[in-house]
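First chain written, first letter: the chains are A, B, C and D, and each begins at residue 1.
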Amino acid sequence: MSARVVSNEPAGAYHLITLDAPAVAAGAEPGQFIAAAVGGPQTALLLRRSFALYTADPATGLIQIVVAEHGPGTAWLVRVRPGTPLDVVGPLGRPFTLPAEPGTAVLVGGGYGSAPLFDLARRLRAIGSTVHMVVGAGSAERLFGTADARTVADSVVVTTDDGSVGVRGLVTDALPGLLGPRGVSAVYACGPMAMLRAVGETAASYDVPCEVAVEESMACGIGVCMTCVLPVVGVDGRSRMVRSCIEGPVFDAGRVRWKDVGTLPVDVLGADAMDGH
Amino acid sequence: MSARVVSNEPAGAYHLITLDAPAVAAGAEPGQFIAAAVGGPQTALLLRRSFALYTADPATGLIQIVVAEHGPGTAWLVRVRPGTPLDVVGPLGRPFTLPAEPGTAVLVGGGYGSAPLFDLARRLRAIGSTVHMVVGAGSAERLFGTADARTVADSVVVTTDDGSVGVRGLVTDALPGLLGPRGVSAVYACGPMAMLRAVGETAASYDVPCEVAVEESMACGIGVCMTCVLPVVGVDGRSRMVRSCIEGPVFDAGRVRWKDVGTLPVDVLGADAMDGH
Amino acid sequence: MMPLAAHDHESGIRENPGSHTHDHGGTSDATVDMVTTLAGTVLPNPVLTASGCAAAGRELAPFLDPAALGAVVTKSVLLRPRSGRATPRMAETPSGMLNSIGLQGPGIDAFLEHDLPWLAARGARAVVSIAGGSVEEFAELARRLAGAPGLALLEVNISCPNVASRGQVFACDPLAAADVVRAVKAESGVPVLAKLSPDVTDIVAIAGSCVEAGADGLSMINTLLGMVIDTDTFRPVLAGVTGGLSGPAIRPVAVRCVWQVHAALPGVPILGMGGILSGLDALQFLLAGASAVSVGTAVFHDPSAPVRVLAELRTELARRGITRLSDVVGAAHREPHR
Amino acid sequence: MMPLAAHDHESGIRENPGSHTHDHGGTSDATVDMVTTLAGTVLPNPVLTASGCAAAGRELAPFLDPAALGAVVTKSVLLRPRSGRATPRMAETPSGMLNSIGLQGPGIDAFLEHDLPWLAARGARAVVSIAGGSVEEFAELARRLAGAPGLALLEVNISCPNVASRGQVFACDPLAAADVVRAVKAESGVPVLAKLSPDVTDIVAIAGSCVEAGADGLSMINTLLGMVIDTDTFRPVLAGVTGGLSGPAIRPVAVRCVWQVHAALPGVPILGMGGILSGLDALQFLLAGASAVSVGTAVFHDPSAPVRVLAELRTELARRGITRLSDVVGAAHREPHR
C-alpha cells in the first residue's frame, strides 16, 4: 500500500510521523500496527518495520506513528522528508478488546508504548467508561503523550525513573493506588516487555483482567514466517508458540509465559518433537 | 569525500547536477571523472557510478556532472534533492592531453559525452588554439551543451540522427569537412564506444592524432579491481588488457583495439596463460 | 525469441520507478501464454509461493487470491506438531535475512484436516512440502498425503538434519538424499520434487542422485547456512546460533545452481527460487532453466509479491515479444538467433 | 570483557549517521592495544586488505598509508603474466557484486621486481597471495618468493581450478588442497595461510586437511560462485558466465564459516573476510574466531575503507571497555561472564 509522509517532527526523544494512508486509516482499531518498508527504493533493508498506530482518522485518511530511533531502519525513518512516498501495510494484528459494558479502565504506557493508548482511551470513554492513565518513561524526554493523556483520561499519573518529571519511579508503582480502591474492570498496557510483565502480574494480584500489546521481532508481520512467537497458554491450558503479529500483538497478560519468553519451554506443544532435528 | 548536492535540474534528456565538492574542484582536469556512491545510507547498490566532469571551478568549489538515467543508480541520482550529502571520489583518471603548442583542435561529443569537452575547449583556447566542435546525438533532447559550444568554440556543427536539430546524420559525417581543409592538429572525442571508434578511424585516415575518453564498466574506479580493461597496443607494440579507470579513460584512439573490445585477443600479453584455468 | 538491446535490471529491493518507462512495442500482456508444465503437472502460470514463506496460504488471502498463482507451496510439514526453536528466530542481513524457525508447525494430522482442504476449497493447487528426520518419516508423510484432494505435487525438503546420520543434512549427501526420494516416490501418487541445498561442493551430483532415485523434478535453492554475531552481547544473534540465509543477497548463487543443473540435466524440470523480488528476477531463473519459480522472502517485504511478480513477468515477456512462456525456459543456454 | 546492553548494528552499506551518537564512557581509543598475532606473525593491527581488491597496494596510496594497515594482501600472482578474461568482468548484485577477472596480473617476475619492493620501501607488511594450476606451480611460486624482503606471510589461493584434475577447484577437495599446502610449506620461509572456498559441503574437513598438511593458518572466505543473466540479451552477463560473489551479501556465510572452523579447530589462526564494511562488521569476525580480517569489496565502495574500518574497530572496542584486541578473538564461543 502506498502512503505519503505528510510531516515528520521531533517529539521529545521520538519522532511523530504523519502519513496520508486512507486505506489504513479506514479500518484501524487501537492496538493495531502498520509495517513500513524502509530505506528507499534501493534499500538493502529487506524487512518492514512495525509501529503501533497512535492515531488513525478515517475522515482525513491520516494516520500517525511515534518512532524511536533504534537501528538503521528507524534512523532512516526519522529523517524521511514530507512528500516522500512510504510503502505501508496495515492495519495489522489484533486490537485491544473493548468491553461490552462501560467500566473503569486503567491504561498504562511506557515510553513510546503509550502511543496506541490514547485512541483506546477515546473509544473507552465513548462507550461510557472511566479511564485512568499512567504514562511513564526513563526520563522526561522519553515520555510520550502526557498532554494528550490529560485530554482523554479522567486522571493521569506521570512517572519517570529519574524523577525528572512527575512521580519518581516505575509505572507499576502507581498501580496499587489505582487498582486497590477503585473497582477497576480492566487494565491495558503497552511498553517494554519487562514493564508489561510487571503490569500483568500486578493486575493479576488485584484480580483485574489485563491486556498487553507486546513487541517481538517480526519478519513478515502477517503471520506467514513464524519469527515473532512467544509462549502463550491457550484456553485448553496447553502452551503454544504463538505468533504475536497475527494472534497478537494484544494478548491477555495472564496467558503470556513471561519468564519463558525467548526460551523453548519443554511443555510447549511440539517441543518434544524438537529433539534431534 | 563528502560533497553536497547544490542543484539537480533536467537538461534535455539528462540531469545537470551541481555539487559542492571543493577537494574535487581543486585539482580537476578535462577528461577526468568522479565516482559517486548511490542509493543513500541504506543502499543495496555497492558500487560507485562514474561521471565525467562537465565543469569544475576551484574558486567556488563547485563541480557539475551530466547524468543520463540508465539503471537504478542513475535513477536514484537524477532524483536526489538539493541539500543531500553525496559521497564522491575524484578527480579520477587520466585527463585529455593539452598540446605544448597552440594548434587547431576538433572536439567531438556524442550525447552526454560532450560534457567534458567544454572545459577542454576553454583550456585549448586559453593556450591560443582554435577549437571546432561537433556535438551530436540521436535526437534533439539527447544533445548536450550546444549553447555552451557556441561560447567556447570557434565553430560548431550540431548533428542528430533523426535530423530534429542541426544536420541530419552522425558526428563522423561532419569530420571530413573539418579535417580535410584545415590543418587540424588534434581530435578529441567523448561519447559512445561505436562513435569513438568511428571518430578515431576517421582521424587516422586524415593522419590527425586523436584522443578519446572511453566508457567501460567499472567496479572500483581507482585501478585495484581489473574490471574496466580493454585491449590497447603499447608503445612496445605489445597489446595489453589495460585499465580504463587509471590508465584511461583518455586513450590515444589509434592504440585501442576497437574491434577486439569485449573479447580476449590471442596476442594480448598473458592470453596464452589463460588456458586451463 | 527477440531479446531487446535496451538495458534492463535485476532488482535491488524494489523496481526503480524510472527504469521501465520506455515502451518497446512488444505484444500486449494478455496475449502471453503463461502456462507451464512442472514435473508433468500443468500449471496456469509459473509463479508459486516458497515453502515457509506463505504458511499454508490462508494468511495471504487478504493480499492475494491463492488460486491465481501457479500453486501454493506450503510450509514443510512433519508427522508430529513441532514448536520450533526459541527466539530470536531471525536477523536481518544486507539484502537478506537469516531464519532459524526450526520447522514450527501443526503436524500432518492438523494439516490434512485444516490446511489442505482450505486450499482445495479455494481452487488453489497445493505443492505440499514435507520434512522429516528419517527416511521412514518422509515415507509416512507421503503415504498420509496420497490421494488428498488439492494436492498437486510433493516437495521433499531434504535440507533437514538426518537423525540417524550424526545430524548431517540429507541434501548434503547424495546417497541419503536418494534414499529419501526413493522412499517418497514409492508412496506418492503425485510427482515429487526434491528440494536441494546450495551448501554442497557439487550440486549437480546431488541433483543427479535425486533424479536417479526417481525425483520428477528439483526445487532449488534452499537457504545458505549463515550467522550473525551481536557485537554488544558478543554472542550469536539467533537462538539457534546459525540460520538460513535468504533474499536477494543469495539470488546470484541460486541462478548459478539452476544454470549448472539445467546444463548437466537439461531434461529435468526445475522449480527455481532464491531472492526473487520482481518479474525480471523471475525471468532470470526461467532463462537459466527453471520451468517455474517460488517467491519466498519477498513476501515479507511485500505480501502481494507473488501476484506482482507474475504480473511483471507477463509484462516483461510481452515487451520482449515473447508469446509463450515456455519459449524462455532455459533460453540462456542457447546461442541467440539474430 | 564487558559487552554492552545497548543495541548496535552490523552495517548495510554505510554506517547510519544516527546510530552511534550515544557515548558509553568506555576507555578512550588510544588505550586499546590493537596488536594481533596471525599465524605466528605479529601485526600492529588486525585490518588487512583482501587479495584482488587492493592490487599490490600502490593504487591505494592516494587514499591510505599501506604501512598503517596490519598488512597488505596482494592480488594473487601466478608464474607467468596473465591477461585475465574478456569483459564484462563484473556485475553488481543486491549488496554485492560478481567478478570474473581471471587472475589478470604481471606474473611473478614483474611482481618481484616492481610490486613487492614498493611495499617494502613503504614499510608495509606484505601477505603475498599465490595461485597456480598445478601443485608444481604453487611450489615454484613459493620458491621464488622465499627470502624476498617485505614478505610477511604467504596466502595460498587454492580456489583456482586444478588443471590436472578436470578443472576441479583445489579448495573443493581436501586431498588436492593438502597437496598444494604441503608443497608450498616445503618451499616457504614464512608462515602459510590456505585460503578456503565456502562452496563446499564441509569446510571444516577442508580446513582440517590443510592444517594437517602444514598450513599455519586459514584465510576465509573466498567468493561464492554466482551468476547473473541479462534479461534483455537472454545470455549470462559475465563473459566468464559464472563469477565470484563478494560484498556484504555474503557476510553471514563468511561469519558462519569462521565460526564453524574456529569451533572445530580452536588453535588454528584465521584471517577472516567476506563483506566487511565497518568496524562492527570486522568485530563480528574477530568474535567468531578470526585473529585478523581482510577488507575486500568495500574498497570499491570506499577506497579508504581499510583504515576507516580500523579506526571504527578501535573506537567500538574502546566503547565496550576492551583494552586488548586479542581478548575478543573467539569470544562469541564463550559464555558471557556476568
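As a convention for this text, contacts are C-beta pairs under 8 Å (C-beta built on N, C-alpha and C of every residue); 3 or more make two chains touch, one makes a residue touch a chain.
The shown structure was predicted, so the numbers you read here are calculated from the model rather than taken from an experiment.
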Note = The pair out of A-D and A-C sharing more C-beta contacts is A-C
Ask   = Any idea how many Å lie between the Cα centroids of chain A and chain D?
value = 45
Task = Can you check how far apart chain B and chain D are, centre to centre, with Cα atoms defining each centre and the answer in Å?
result = 35
Key: Mean-CA-position distance for chain B and chain A (Å)   = 56
Inquiry  = Touching at least two other chains at once: which residues of chain D meet that condition?
reply    = 7, 11-13, 16-17, 94-96, 247-248
Remark   = Residues of chain B that touch at least two other chains are 39, 41-45, 72, 75-76
Ask   = What topology does the chain touch graph have (line, ring, star, complete, other)?
value = complete
Partner chain B, residues of chain A touching it in the complex = 38-45, 72-73, 75-76, 81
Request  = Sort out for me which residues of chain C touch chain A in the complex.
outcome  = 12-17, 52-55, 59-60, 62-63, 75, 78, 80-90, 92, 94-97, 99, 101-102, 104-105, 107, 133, 160-163, 167, 239, 247-248, 297, 299-303
Task = Give every residue of chain A touching chain C within the complex, in rising order.
result = 37, 39, 41-48, 87, 89, 216-217, 219-230, 240-241, 246, 261-264, 268-274, 276-277
Remark   = Listed in rising order, chain C residues that touch chain D in their complex are 1, 3-8, 10-13, 91, 93-96, 98, 172, 199-202, 224-229, 231-236, 241-242, 245, 247-253, 255-256, 259, 275, 280, 283-284, 287-288, 316, 320, 328, 331-332, 336
Ask   = Which of the residues in chain C end up touching chain B in this complex?
value = 7, 9, 11-13, 16-19, 94-95, 248
